[in-house]
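For reference, chains read A, B, C, D and E in written order, and residue numbers begin at 1 within each chain.
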Amino acid sequence: MDKLEGLPAVPLTLEGAGVLHQMFRVRWPAWRALSAAEREAIVDAAAAPLGAMEKAGSAMFSLLGHKGDVMLVHFRKDFDALIEIEHCLARLRVWDYLELTSSYVSVVELGLYESSVRLYGSMGERKVAPHSPEWDAEIAENMQRQRAAMQPRLFPEMPPHRFICFYPMDRRRGEEKNWYQLPMTERQRQMQEHGEVGRRYAGTVKQIISGSIGFDDWEWGVDLFADDPLVFKRLIYEMRFDEVSAVYALFGSFYIGRRISRLAELLSL
Amino acid sequence: MDKLEGLPAVPLTLEGAGVLHQMFRVRWPAWRALSAAEREAIVDAAAAPLGAMEKAGSAMFSLLGHKGDVMLVHFRKDFDALIEIEHCLARLRVWDYLELTSSYVSVVELGLYESSVRLYGSMGERKVAPHSPEWDAEIAENMQRQRAAMQPRLFPEMPPHRFICFYPMDRRRGEEKNWYQLPMTERQRQMQEHGEVGRRYAGTVKQIISGSIGFDDWEWGVDLFADDPLVFKRLIYEMRFDEVSAVYALFGSFYIGRRISRLAELLSL
Amino acid sequence: MDKLEGLPAVPLTLEGAGVLHQMFRVRWPAWRALSAAEREAIVDAAAAPLGAMEKAGSAMFSLLGHKGDVMLVHFRKDFDALIEIEHCLARLRVWDYLELTSSYVSVVELGLYESSVRLYGSMGERKVAPHSPEWDAEIAENMQRQRAAMQPRLFPEMPPHRFICFYPMDRRRGEEKNWYQLPMTERQRQMQEHGEVGRRYAGTVKQIISGSIGFDDWEWGVDLFADDPLVFKRLIYEMRFDEVSAVYALFGSFYIGRRISRLAELLSL
Amino acid sequence: MDKLEGLPAVPLTLEGAGVLHQMFRVRWPAWRALSAAEREAIVDAAAAPLGAMEKAGSAMFSLLGHKGDVMLVHFRKDFDALIEIEHCLARLRVWDYLELTSSYVSVVELGLYESSVRLYGSMGERKVAPHSPEWDAEIAENMQRQRAAMQPRLFPEMPPHRFICFYPMDRRRGEEKNWYQLPMTERQRQMQEHGEVGRRYAGTVKQIISGSIGFDDWEWGVDLFADDPLVFKRLIYEMRFDEVSAVYALFGSFYIGRRISRLAELLSL
Amino acid sequence: MDKLEGLPAVPLTLEGAGVLHQMFRVRWPAWRALSAAEREAIVDAAAAPLGAMEKAGSAMFSLLGHKGDVMLVHFRKDFDALIEIEHCLARLRVWDYLELTSSYVSVVELGLYESSVRLYGSMGERKVAPHSPEWDAEIAENMQRQRAAMQPRLFPEMPPHRFICFYPMDRRRGEEKNWYQLPMTERQRQMQEHGEVGRRYAGTVKQIISGSIGFDDWEWGVDLFADDPLVFKRLIYEMRFDEVSAVYALFGSFYIGRRISRLAELLSL
């Protein structure tokens, strides 16, 4: 019998920065129809607010392919700050020349599977009743401690790498293969195996996981940053053979882009 | 043998307010092309009808992401009143600057699984034939009583919280896992387990369930209201491990927004 | 052994009126850009042809939600008459202000499962070879008789109720659960059970089934008419627990609307 | 053991005419905005090239429903000729008033299941090694002979019937039910059963099958021609109970239209 | 027991040229609205940059069907060069008359299943621990050697054939049939069988496989080049009966086009 049977199935999870991905297509005919002077004025007027955004945790990427010409990625302290970004962008004249083709709303997340197995197991042995005041207090204390220790990972700086790869994903809930019905110890085992692959790429790829249950149409968003885009393919391909990916991962659209520092890089004709 | 075998499978269900969700994108280039005076006149002309709508049970939300800039949520006594809203909005000049990107039509619903098990069980023991006049009368009397008692939940006030999370959902009818083929007592058990998770969040999240079978493309709509949007994620993630969600829930798109009181908050440039 | 084994699997089916559903969105900005006089002239010019259509078996509904502002439903003697409607509408100036967002093409249909079981069974006992002249003649005679008897249901009047609910549906052909591989007696049994639920709603809901195999993307269209739209939900929800729906029904989009008698009700500003 | 085991699984297949289906919506507001004289000039200018196309194996249909106002169907000797059609159409002024909403690219195909079973079986008995020069020569000789005999079916005339029904389809490759893993003799048996239904409709329906593996998003296209459109429904409904359709057929969108001889029938206001 | 059990499951994979497919529709009404002189000037201005692109590894195709009028295929040394192409194209005036309808981002890839089985097997027998420095060094050395030998296949010239067929594909990860859970020796066996079919077509079809995990929405892209487009159908149909395709291949949209050397071939009116 699984020692965690009868205990909560949801792992301890820490939340950090609010994250907004925005994908845009440039309305080229309308943009080109402007005089050079007007275009310059519009780009100039956007430079300061976009520069301020970048200082506050945003970055701009030139996307490859038809899904968009540019992607903005924003890390902020909460959703209020993300909504302010949207309102600020809508007030820029350049907004009329950008068509929002997609977006993703999420929150930086650390799933503490190892801690969950340990802490639930320990409280289970000590017969602490789930959701009792004692249970809740012990969990709150543990989360508080981990939240403090992991502050830099919960509110990350924008990684400095040249390339980004973003995609959303779900855990499968099939009629036979259902992630949410696996015992926690089994999920923890699979996540650990998965993490070992990631650690071998630690020097070349920076990964930021964000949770989007309740916020967007997939359960998680994954951002990878690297200077060489080929490592995205190698990492994800290798991981696809992990049980947790092979059986339980469902993927949405993939976005690949290269960092740019100013809109003018893209919009100058 | 299940004591409810051979009895009706559909649970007693109370209906209340008609509900309409409307998601809009602002046509920014056309809006910005207007003079400041025209924009002000258009917003001013919309203020009174929108204010009256709010008093009558509507609320306005600034959406996060590309699915829309604004969402209107309307609770009304019936569908006639919802149709009047649509006709009223179409007559406003601001309507020309709003593009309806999505919507959802439903009716506030309370599924009385516990009462159904109790009442069907009792009538079954007493050999009352399903759909006989006696059966129908007893059910009508029970529903009438519950409808009176639950009036405030059937015709709810718009909750005052800052954030909203809306999503539609289905119960799975897979080839092997089929909600509609489970015995009622099993469905009742799973719904009760599910409800227990919800009750632990009662202080922080207000939930309104509406039914949309026959009205829209999913079977139910779920509205969550809270001041801290992170609790949406925590609640839904925890619930996803419940059997009724893990196995039987299929989800549509998720919409997340923050309450605004006037269109001008969004449309002022 | 099933007494119908080896006999044709397709049930006897009568066809009646050609049916066309057309869903439209109003192009509000273009419409509002017209002068009041122009709008009046356009609506006036459409009044006579639309009135004639209504007399010939058409009705107009104001739709709830973003799928469209208006739905036209046409019952006609054949597809030629439906094509004439399309050509006639395209010639109206108001056509430029209506965007066709969806449609559905079908034929009123009565699936004679009971007769099929009886007739095939009787001919089977009498060793009449399927598709022999004798077989064909007996079927033709039977169909002729039923067609005459059911003329009013095959070429129905537009029901006078205030609300309509329309949706298309398929019978499931899953890898394990496959409607088209069930023996006819089993299909007949499930359809009969299904029909019993419908009969309990006979006083409040009028149902018209049309077949669309070969004509549109789903196999059947269902039109429900009632004065109280809540009965749509109650009927369909109750039916969803029937085996034939729980296991074998797949549904497309649902459209809900309220009858209007003149376009001006919708288009007047 | 199946006598064809170890032999090639792909049936002998003859290819004939290249086929292009093009579905269009008329841009009514732009078309109506032209003067009557301009419209006449544009239609006149298109009459000769469209007339020439018709002589060369094309036909025009007025579609029912929102998927398009008109469908062009072209049979030509090869893909080069189809590309010429596209370039020719794009050069017509009327092209600006037609919006291409869909299309289908395929090649008239005859799948020779019976011959394959016979020929493979015979060569298998004679121990001819698959893909050996002897094997290839015998197949080439057989195909050559059949190609000559079936020339009229491979390069068909446009049938003269009033109505067309077009739809694309796949053979299912499910996890359990997989057409491409059935033994050839089993596929041959199912295709033959299927063909028997078709033959009973031979007098009223003309069927042209085209293959689109490698050319478009489904594996086959099916064109049915008849004077009475109801026979499309009867034929396809009856076939849906065949094992090969019930279990192994997946269908795309259905298009139904009536032959027109000149664009002016549609475009005159 | 499989001798590769416990060893890495991901095959050795070589990457070469970055690949970008771009599908466009011509904005015919806007293009035709230009004067002949303007059109000529725009086409002339595009000739030099497009000519330079062709010299650098690009080709232009006239597509059949509504998915696009033209497809550009670019092979380049890396993603930076592909991004430069996008920026260069956006600066051309002709860009305003081309609507990007789809695209595909990938990297030429050679999956070395045979080498993987041999090398992993050999190191496994010698008890070299996976991911140890010794393991990594031996693999790096092997890859380096093969990369050098296969340079022409990794950075291919644009094949000179008249026709192209492009489609993306996935390997199935079903609940029961899951490519990523097969032992490597089994995957190697199926890929080898698959390759044998391809080799029989070697003289008539040139195939270039590119990997897109992490870059686009499918796992691989397949480009086929041939002078006779019918061989695409024959090759893919025959392969569809291979176990690796029948069971494990899922396909996206298919694009078929004919090489053109200058945009003017398409755009001249």
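Note that a residue touches a chain if its C-beta (ideal position, glycine included) is under 8 Å from a C-beta of that chain, and two chains touch if they have at least 3 such contacts.
All of these numbers come straight from a predicted model, not from anything done at the bench.
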What's the overlap between the neighbours of subunit C and those of subunit D? none
Could you say what rotation angle superposes subunit C on its sequence twin subunit E, using C-alpha positions and rounding to the nearest 5°? 145
If more than half of the interface residue numbers appear on both sides, call it same; otherwise different. Which is it for subunit A and subunit E? different
The distance between the C-alpha centres of subunit A and subunit D, rounded to whole Å, is 46
How many angstrom lie between the centres of subunit A and subunit B, each centre taken as the mean Cα position? 28
Per-residue overlap in subunit B, given as positions that touch at least 2 other chains: 175-176
Show which residues of subunit B lie in contact with subunit A when the two form their complex. 26, 28-29, 32, 62, 64-67, 69, 163, 165, 167, 174-177, 200, 224, 229-230, 232-238, 240-241, 243, 245-247, 253-254, 256, 258, 266, 269
List of subunit C residues in touch with subunit D within their complex: 8-10, 13, 15, 20, 22-23, 30, 79-80, 82-83, 86-87, 90-91, 93, 95-96, 100-105, 107, 131, 173, 175-176, 178, 180-181, 211-217
